[in-house]
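Naming follows writing order (A, B, C and D), and every chain is counted from residue 1.
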Amino acid sequence: MDRSARGYPSAMTTTATDPSDADLRTVLRSHPGEHDVDLSALATAVELLGECVATCRACADACLDEEMVADLVACIRGDLTCADVCATTAAVLVRRPTDPGLVRSLVEACIAACGACATECERHAGMHEHCRACAEVCRRCERACRDLLAALG
Amino acid sequence: MDRSARGYPSAMTTTATDPSDADLRTVLRSHPGEHDVDLSALATAVELLGECVATCRACADACLDEEMVADLVACIRGDLTCADVCATTAAVLVRRPTDPGLVRSLVEACIAACGACATECERHAGMHEHCRACAEVCRRCERACRDLLAALG
Amino acid sequence: MDRSARGYPSAMTTTATDPSDADLRTVLRSHPGEHDVDLSALATAVELLGECVATCRACADACLDEEMVADLVACIRGDLTCADVCATTAAVLVRRPTDPGLVRSLVEACIAACGACATECERHAGMHEHCRACAEVCRRCERACRDLLAALG
Amino acid sequence: MDRSARGYPSAMTTTATDPSDADLRTVLRSHPGEHDVDLSALATAVELLGECVATCRACADACLDEEMVADLVACIRGDLTCADVCATTAAVLVRRPTDPGLVRSLVEACIAACGACATECERHAGMHEHCRACAEVCRRCERACRDLLAALG
């Protein structure tokens, strides 16, 4: 999958000229085990899940400092849950689990959590830049999860 | 801090031409709370901690599939511990905690865990590409944590 | 639900005579929000998920020190995945999320992960006491998750 | 260490008559690796860290539903950070790491996080039962961490 063609930003990729260009993809490629997953879709999903984890947690913290925090409670909860679900799904995915039911349940949980968090953040996107940005990151992650589900067959 | 000048790859940065360039840094910048941390050092540390988490977990899984797994036990343990410590430190850092003792303990724990994991992985770097890559990622993360400690004053 | 009647051990309950008997259940009971979940089934699930997290991680580490570690790779992976999935599900459950699809996906992921880990550990239960104990803890947790699914309606 | 003599409740211990009394302690005892830690202090710390994780997360969620949520922001942040730090420390401890500096940094981070969370919760203990209970759980966990530090020598 060509990520730039899918509208993903170049998150966590390293430049060719960098003195140290080793990264997650190097590790996934050199894994000795057999597997039949699309490594590129897997790596993209893991990278965007990781970005989503940090961004959602930062948005939750930003919401806590807003004067209107009482109006942002659903947003904070959505952020925290999205971060938790995405963090664990990334951890399980890099283990390339062979139980398709488990992977499917987790990736579907991510899609639900990202979608719910984005929808809630979008309600405040006009007032809070952090909610606008967080919603975008969640939507990117949701898209990568859907691509991964499709790649899983 | 200019990350490229410090030898960091452009991990998780988005390109200016990307249709959606919102990311963790957008959220950190739009946080309404007061703070006196260097946001760039903070964001770099959080990004590299996140990359380290996924890479260490992938390396642990790759080690488990090596024929010589019995010789890689210390590497697997170092990977898992490094991933856990980095994940939590990133989670706490985005909350920009005001207790300097807590932050210092956590960042020091990361430096210890990254250093130990890199040292162990480097012992197998000639035989296992995933260990070589993981060691590099851990060293980058360790460097970012040291920079953050310095920025914390 | 009467836990002892269901064959659960008295995990994480405190004795009446203890000078400090405040615990997770006290917090769940005093939560001001409305909810229609069975708090007892929820608390039992969260407690047993927490016990499963620690036990699976300890079993993975014990497996790494066995001479026959190469034969325990599937067990180690199952332990790590079960721990990750249970940890996140517990974190989300205490937030009493209102999205039934998300909760269902996560609890089903736990049931899959606990079942897979228990089945793998049971294969080694005769040789390794830690695998025997871990399998029992996973089965208890799996049962509590099924009870919670039933209580969710 | 006799836990009841130290005023710890019988958290996560199982009764002798229970049909299934296997638990975390069974796994820790049957670990084949050599070690010189006090297994009882270790197990008590891991159990109380686990209880602290769930309780702090539940308290954070309860705070979010209080009308005076704007006055509870420091409490919510303290809860979330305490939960994160305790969860990772428990994960690392069951691996019985041999790097004393890393363990010490993490256990000290727990003591700092538990103490800060308890102090903040105690300020609201008169108004919010969940804060009172959470403070007690944090203090128990803090005490177990101090005992573990002493046992580590």
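The rule is simple: a contact is a pair of C-beta atoms (placed from the backbone, for glycine too) under 8 Å apart; a residue touches a chain by one contact, two chains touch by 3 or more.
If you're wondering where the values come from, they're calculated on a predicted model, not measured in any experiment.
The chain pair B-C and the chain pair A-B differ in C-beta contact count, and the higher one is A-B. Taking each chain's centre as the mean of its CA atoms, B is the chain most distant from subunit C. Rounded to a multiple of 5, the C-alpha superposition of subunit B onto subunit D involves a rotation of 180 degrees. Measuring from the averaged C-alpha position of subunit B to that of subunit D gives a distance of 25 Å. Centres computed as Cα averages put subunit B at a distance of 29 Å from subunit C. Distance from the subunit A centre to the subunit B centre is 17 Å, each centre being the mean of its Cα atoms.
Residue positions of subunit C with contacts to 2 or more other chains are 61, 65, 67, 77, 80, 87, 91, 95.
Those residues of subunit B that touch subunit D in the shared complex are 77, 80-81, 84-85, 87-88, 91-92, 95, 97, 99, 101-102, 105-106, 108-109, 112-113, 116. Put simply, subunit A touches subunit D in their complex at residues 61, 64-65, 67, 69-70, 73, 76-77, 80. Residues 7, 9-15, 18-24, 26-33, 46-47, 50-51, 53-55, 57-59, 61-62, 65-67, 83, 87, 90-91, 94-96, 128-130, 132-134, 136-137, 139-140 of subunit B touch subunit A in their complex.
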